[in-house]
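The following block contains the structure, expressed as C-alpha cells.
Naming follows writing order (A, B and C), and every chain is counted from residue 1.
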C-alpha cells in the first residue's frame, strides 16, 4: 500500500549525503553488498514493497545504527539524526503496515533472509558500517518506487 | 564536582523549527565558567543504552544558549542536558524536565508582500528554510467565495500568482506548512493590491 | 603478466565527472612526471566480485576515460581505478570513491523555446536526455529518471528590470497580459527535490 513518508526521506537523504564519503571510505570491501546482491532491491515485486520497506527499517534500527559509533563528533551526530528519523519513519510505516495489511510474500522473505545472511557474513562493525554506507541504495529504491 | 552547582532554569525555545537550549549562568566570582551540552534522542534511549551525544559547538562554551536545530532533526522525543565546567571541576548535569519534540515548535505567519505589476499579481515571501512550504490564498475582492490557492516550496524572489482583470482589486494571504511535523501557522494579515488602470493601493 | 616495479607516484584526484549520466573518469598525472606516462583503467560494479579492465583505455596517455557505457545502469553503483606506467616503473591502483550515477550526476539546464503574440509569451521546456550509446538508441528523458522533476522559470521585463519566478511541474507555461513592445528574457532551471539536484539556469 502507499505509505507517504516523503518529508522524512528528504531529511534522511540530507543527513546521509553529509556523511556519505566518510562512511563509505570506512568500507574497504568492494566485492560484497548487503542490500543489492545477489538480487537487487529493484527486482522486488510492488506488492512486497510495503513489507520489505518496514522490515528494512527495522533491520537498520535494531541491528545497524548502534554499531556505527565513530571517533568523529559530526558523523556521530548525523548518524543519531538518521537513526531517530528512521525510528519515527518506522512508526509511521508500522501504522501503514497494519492498516494496509502488508503481506510479506515468499520472494520478499527470501530477499530479507539474503540481506541478513550478507550482514552476518561479516564482523558486526564492518557489516554495520557497510549497511550504513548503502543507505542511498535503500533511499534510491524507495524514491523510485514511490 | 559538587562545589560547582549545576545550571538551572534550563529550557528550550523553539520557533519556526529553530530550536535553542538556554539556561541561567553559574556565577563564580572572578572566574569564567564554561558549559557543555549533550542531547539524547529516542533512539539513544531505546536502542543505544541511553547514551548521550555531545554538541561540539556548545562544548566548553561561555554562552548560556546553544543552537540545537541541526541535531533535533527527527520527530521523536529528545532530552537535553548541560553542565558547568571550571578548569577540571565539573558540575552535575542539569537536564530538561520532560521531553522535547520538534512538533512542539511555534509557527509564526510568513512575512508576505503582495505586488501588482501591470495585470500580474505577484507575491514576495521571506525564505524560512528547507522545512517550510507556503500556502498562498488569493481572490478578487468581493468574490471571497472563489479563493484560489498556490503551494510554494522554495521562494527565492517575486513569485507569480496569476493575472488580474484590469482595474480590479485582489487580496492575498499566506500561511506556512511544515510537512515534517504536519502543522501549519496561522495566516498572515491580508494584503490587497489593484491591477493596472488605477494607482496601486495598499490596505493594511 | 607480472606486475612491474611499482615505485612510480600515483595518479591523483581520480574521480568521476558526470553530466546527464555521461560518466567520464578523470585523473591528474602523478606528481613530478613529465610526458611519457601511460595508464590502465579498470572498473567494478559495487557488490560484484570482480574488477573489469577497460580495453579502450589500456596504455593511453590521456588523463580521462569514458565509462558511460559500463556505468549506464543507474540502479547500480561503481568504483573505477587507474594505474600509471613510466619507463618500466608503475604506480599503485588509485580508486574513485563509490559512484552513484543517480545522485552523483550533474543535470544540464532544460531547453527553452519561446513564442510570443503581441501580448503574451508561450514557453515550452524540454528536459535533457540521459546519455545514450548511439543516436539510434532509444532516448530516455531525465524526466523518466527523476519523476519528481520540476522547472523553475524566470521571466525578466527588460524595461522595468523586474523579474518574476514560476515553479511548474509540467513543461509548458503561458504568460498573458504582457506589455506590448517590451522585451522579456526567459530562463529556466531544473529542480529535482529528492535526491536534491539542481541544474544551472539556461542562457
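Going forward, a residue touches a chain if its C-beta (ideal position, glycine included) is under 8 Å from a C-beta of that chain, and two chains touch if they have at least 3 such contacts.
In UniProt terms the chains read A = Interleukin family protein.
The structure displayed is predicted, hence computed values, not measured ones.
Enquirer: Which pair wins on C-beta contacts, B-C or A-B?
Expert: A-B
Enquirer: If I average the CA coordinates per chain, which chain comes out farthest from subunit B?
Expert: C
Enquirer: Between subunit A (Interleukin family protein) and subunit B, what's the gap in Å when you average each chain's C-alpha atoms?
Expert: 29
Enquirer: Quick one: report the Å distance separating subunit B from subunit C, using the average Cα coordinate of each chain.
Expert: The separation of the two C-alpha centroids amounts to 36 Å.
Enquirer: Multi-chain contacts in subunit A (Interleukin family protein): which residues touch at least two other chains?
Expert: Only 6, 10, 14 qualify.
Enquirer: Hunt down the residues of subunit C that sit against at least two other chains at once, touch-wise.
Expert: Within subunit C, the residues that touch at least two other chains are 193.
Enquirer: What residues of subunit A (Interleukin family protein) sit close enough to touch subunit C in their complex?
Expert: Counting only subunit A (Interleukin family protein), the residues touching subunit C are 6, 9-10, 13-14, 17, 21, 24-25, 30-33, 36-37, 40, 42, 133, 136-137, 139-140, 143-144, 146.
Enquirer: Can you tell me which positions in subunit C touch subunit B when the two form their complex?
Expert: Touch residues, subunit C against subunit B: 152, 155, 157, 160, 162-167, 175-179, 191, 193.
Enquirer: Note which residues of subunit C are touching subunit A (Interleukin family protein) in the complex, please.
Expert: For subunit C paired with subunit A (Interleukin family protein), touching residues are 44, 46-50, 75-77, 79, 97-98, 100, 102-103, 147-148, 193-196.
Enquirer: Inside the complex, what are the residues of subunit B that reach subunit A (Interleukin family protein)?
Expert: 39, 41-44, 46-48, 53-56, 70-71, 73-76, 78, 130, 179-180
Enquirer: What residues on subunit A (Interleukin family protein) touch subunit B, complex-wise?
Expert: 6-8, 10-11, 14-15, 61-62, 65-66, 73-74, 76-77, 80-81, 83-88
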